[in-house]
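We just call them A, B, C and D in the order they show up, numbering each chain from 1.
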């Protein structure tokens, strides 16, 4: 076992050795090392987060035909540090009538709920926090904590806009959690496990994005809704309720929300990479070839993973800066009347075909899976088209639930 | 005292302390949040018991759904939230006494049964609890019937809740 | 393979019945297509079965038979199945042909392709329709039957019954087919239910045959209780027959004789033998294809078929055989005398049918097994031909009636005359049928079958039967010639007859086909003395194989041959001479009231059975039994009940139930409710405290005090 | 696995009694439901603990815990719907004041 093959265990063993040589009880040493590991992971995530601020600002600038930060440091790379300094030195306001404790816990909880996700995020085959056998549910559970954080913030601010924003956010998140949970079962069925790492490994042959493109699409939509990003950003809709649940937050407390959101988006990009693009692995078996074995080095894998996650993050940003906000009733109708049934269809399709086609040669299996998804997608679009035609005929403004989906696609 | 025992005790204090706060604090929203803390502690207990699935589901259902529902309900009825008045009945000592009596009875019962102070044996090697639970829930010679009944109950509750809470259009 | 076909034989007509009744009854063309196609399918199957039966050597020993378990009877099963042996093969042959011919004929008879009638109503014969041609002239032409599809449904069901009966291997399914045909005959005789006479005839036919059927069912039950089986194979085993013959039953008859007699009564009803013959002439109220179907080809044949079928049983008891021979020969003569005096063309044929069936029964009674079967086959063909021919005549006459507007009875022979020229095909075919019926020597089938009966009767020593049958045969030839002369020769006696016309091919084609058989079928049974052994008597060898011991051929004797020649030719000649110049009924010297009125049998039955039954119903049952005895009993019962009711009410219900239990319970509940309502505080937590306290107390008692352990 | 089963049982019993106290002493109907949730969780702790300590290969305890989850969710959904419905009509969520059917 060398550092290059298994860095985490290498360091862990080394530190355990050091601590026990200091006559520290083994149990205490274990706990201490857990804490150290958690801290290291948080620091890594947060550092990445700082980078994300820069990425976000740069990308949005390009989308809006601007240059973005370019004054501080090369390409404006130091800009995030300046941002942090600005936030920290701003006045920290707690509004009158606010529920102080809850008000202060909320931003921490919001950021925590995101960082919790990193515990199961495998950066490489040997670099990961924990390989839970219920990893997928864990993601949902962490999302639940995020919901709680937002409702706490909204409630404790003692502000009508904040409360409205919180209500919207919660209805949004709880609704879109359902298609997300359903669609997460598709990788589960395909990989036969709920472990995140297991799903990654199961895609060494073929990405699930190819086996089930519709699942990818639904996951992307519900992830964006879960993040509360545009076009599902009505929880903080600046033009109506100013800033929604974090209207009263200033300084670094706002910063936590902001950082949490960015990191959350990136993390979901990472999960998209894991569930559908093979995560740190997934080179269609090429890594087994002699001259490509360097792809299996953990640090290379981590770089690959971050690249894939960044792609997912970029897609989410792309959507955010291209699509306008939609009305809340449209959003809920789209979820309940379209996304949930569609995801159920996709799930049933996957479950049945996976059993039926598993005996076939693998190229037929892949073709069958992909073809069935395309077929379902085509039928769905035809149904939506017919529905839209009917709406237009009825002389009303077409309330097509397909709009956001088509734009996303 | 092993690390595990320490963690258990800390979690136990969290669970019981939060539970106590749930039943005593005046602000109902705080009570709901304390409930979240208590139930989170229970999830940790499940994790210690190596019931990973239940631990995660506990968080998803109780914190992600039930607690949120409570907070919603509290917010929707807050005009009547008697934050200033008494939240407990005047004769609160009767339930307290009753609870204490029952606690004493239960504890003495638990302590009097032999063999309950056992410690757990190691988990059987190769047992995937999630898979085993899933199989048990849908296999006909195990719990598929209760499972299906529970799902029908959920459906009935869904429809019933929507119907009861919906506003009359009249 | 053949067994499969036999199983499937009855099915097409049944399917056709349901298809027409349920789905296609609005579409006339489709309905008759389905019916004819079904009949054709069954015909095809029957032919295949028949040919493979003929091709099997020693077919009598190697019959086609298969059976399935059907009804569990304790530890054993009642089996039903199909069986085609030589007897049923020949029956199947003529049934298939005649049924198909009648189906096709019906299309024409019911005026398919003609316009709808002006005033036609369902349940009445069509009255004709008025059409206007290019020149502006109005013509009255025949109109299509209003219940066209229904007719085909009924005859399909009828065909199903007949096929079922023929291919059965047991008495039960035979009886089922029998009864299905009974129902269909009721429906078809009463097809024009708008006519009172048709309604009455239908009821009469149904009730009369019912008498026979009840006895037959008794016979079947007797067979089952005596042998434990209903299939021919089991019943006709020699040891079973021996046992039956040895078992005494009632009235000095053996069990075999008793069963035979009971079953034979069924035949008497179905085949219209005296004294149950009265329904058949009235049944002429139905459409003519029905008459042909019921009275020639199938239903009445079914009775004789059954009698032939049970011949092994019948022949065991000499008394039964005497009864059979007596009824057969008596009916033959008796019906022939009536037929002489009838003016209705179909009535003549009806009585002729009764008479000919009597021939067969009589033949059976004199142990002429093969001759009976032979006459059954030949008769089926030529009588079907005659009926269809008479229908053709009537149809042609109706055409004339419609054309001229003259109000004459289209069925009365005295209104006809000279139709020879107008309807040549009908004439020639009818002539062939008539000659066959009379037994015109050598050429026709009727000669050979009748000659076989005479020969057997004489040869077996039944001289009396022989003489009676000879007389009947003479009369047969006489009235046949009378009919032909009145109908076809001479000059037209009415305008309608003047304008009668030949019918469409759908009606004439079946006539031609049947005419060929009426001549040709006899040749398969030519006796050895005629052919000099050049051609073996195929029919005798084939059908005779049905019996365990094949019957011997009777030795040649000049007397019966000469007799049959004399009666046939003499009867024909007398008929021609007597009716050559007759043109009105008054000139007919044989219009004797006794014969004209059928020996007053209807009146006798009305006096003996119908009116007494009515009297008993009205006077005795209604006035005395019902109103006095039964009502009286019921009234006293009611009074007693009333008394009991009062007693209960006053001495039990009011004081005990109402006061004590009813009101008392109410009061108690009310009082306890008042007392207990303090507990129902409407506060859930209060409830819970109470529940918990009680639970705690019980837990304490159970656990610490070890109660209940 | 050094924790005795007794610890879990006593913890569950204590949680149950606290929940019971909450159910019996609170006036607000929502608070009563909160107490019920605590009691249900106490039951679940027992189920899972017995599963782990008696026979982990036999999934009865976990299966029942899952069903308790379902029942709890259903109960909260219907209960809160009822409370909100009552609140809409009677403007109260105090359990003792919901006494329309009382004598």
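Basically, a contact is a pair of C-beta atoms (placed from the backbone, for glycine too) under 8 Å apart; a residue touches a chain by one contact, two chains touch by 3 or more.
This one's a predicted model, so the numbers in the text were calculated from it and none came from an experiment.
Asker: Measuring between Cα centroids, which chain is at the maximum distance from chain C?
Answerer: For chain C, the chain whose C-alpha mean is farthest off is A.
Asker: Nearest whole angstrom, what separates the Cα centre of chain C from the Cα centre of chain D?
Answerer: Each chain reduced to its C-alpha mean, chain C and chain D end up 80 Å apart.
Asker: With chain centres defined as C-alpha means, what is the inter-centre distance between chain A and chain C in Å?
Answerer: Taking the average C-alpha coordinate of chain A and of chain C, the gap between them is 86 Å.
Asker: Whole-Å distance, chain A centre to chain D centre, using C-alpha means?
Answerer: Computed value for the inter-centroid distance: 33 Å.
Asker: Between chain A and chain B, what's the gap in Å when you average each chain's C-alpha atoms?
Answerer: The mean C-alpha positions of chain A and chain B differ by 28 Å.
Asker: Please set out, as single numbers or ranges, the residues of chain D touching at least two other chains.
Answerer: 20, 23-25
Asker: Multi-chain contacts in chain A: which residues touch at least two other chains?
Answerer: Correct list: empty.
Asker: Give the residues of chain C touching no fewer than two other chains, as numbers and ranges.
Answerer: As it turns out, chain C has residues touching two or more other chains at 685, 689, 692.
Asker: What are all the chain pairs that meet the touch criterion?
Answerer: Final set of chain pairs in contact is A-B, B-C, B-D, C-D.
Asker: Enumerate the contact residues on chain B facing chain A in the complex.
Answerer: 2-3, 27, 29-30, 33, 36, 52-53, 55-57, 59-60, 63-65, 67-68, 71-72, 75, 128-130
Asker: Using the touch rule from the top, collect the residues of chain C that touch chain B in their complex.
Answerer: 685, 689, 692-693, 696, 699-700, 703
Asker: Which residues of chain D touch chain C once you look at their complex with the stated criterion?
Answerer: Listed in rising order, the residues are 20, 23-25, 32, 95-96, 98-99, 101-103.
Asker: Give the list of chain D residues in touch with chain B in this complex.
Answerer: Per the touch definition, chain D meets chain B at residues 1-11, 13-28, 30-31, 33-35, 37-38, 41, 44-45, 48-49, 51-53, 56-57, 59-60, 62-67, 69-78, 80-85, 87-88, 91-94.
Asker: Quick one: which bits of chain B touch chain D in the complex? Just the residue numbers, please.
Answerer: By the definition above, chain B touches chain D via 2, 4-5, 8, 12, 15-16, 19-20, 22-23, 28, 31-32, 35, 38-39, 42, 45-46, 48-51, 53-54, 57-58, 61-62, 65-66, 69-70, 72-74, 76-77, 79-82, 86-89, 92, 94-96, 98-100, 102-103, 106-107, 110-111, 116-124, 127, 129, 132-133, 135-137, 142-143, 146-147, 150-151, 153-154, 156-158, 160-162, 164-165, 167.
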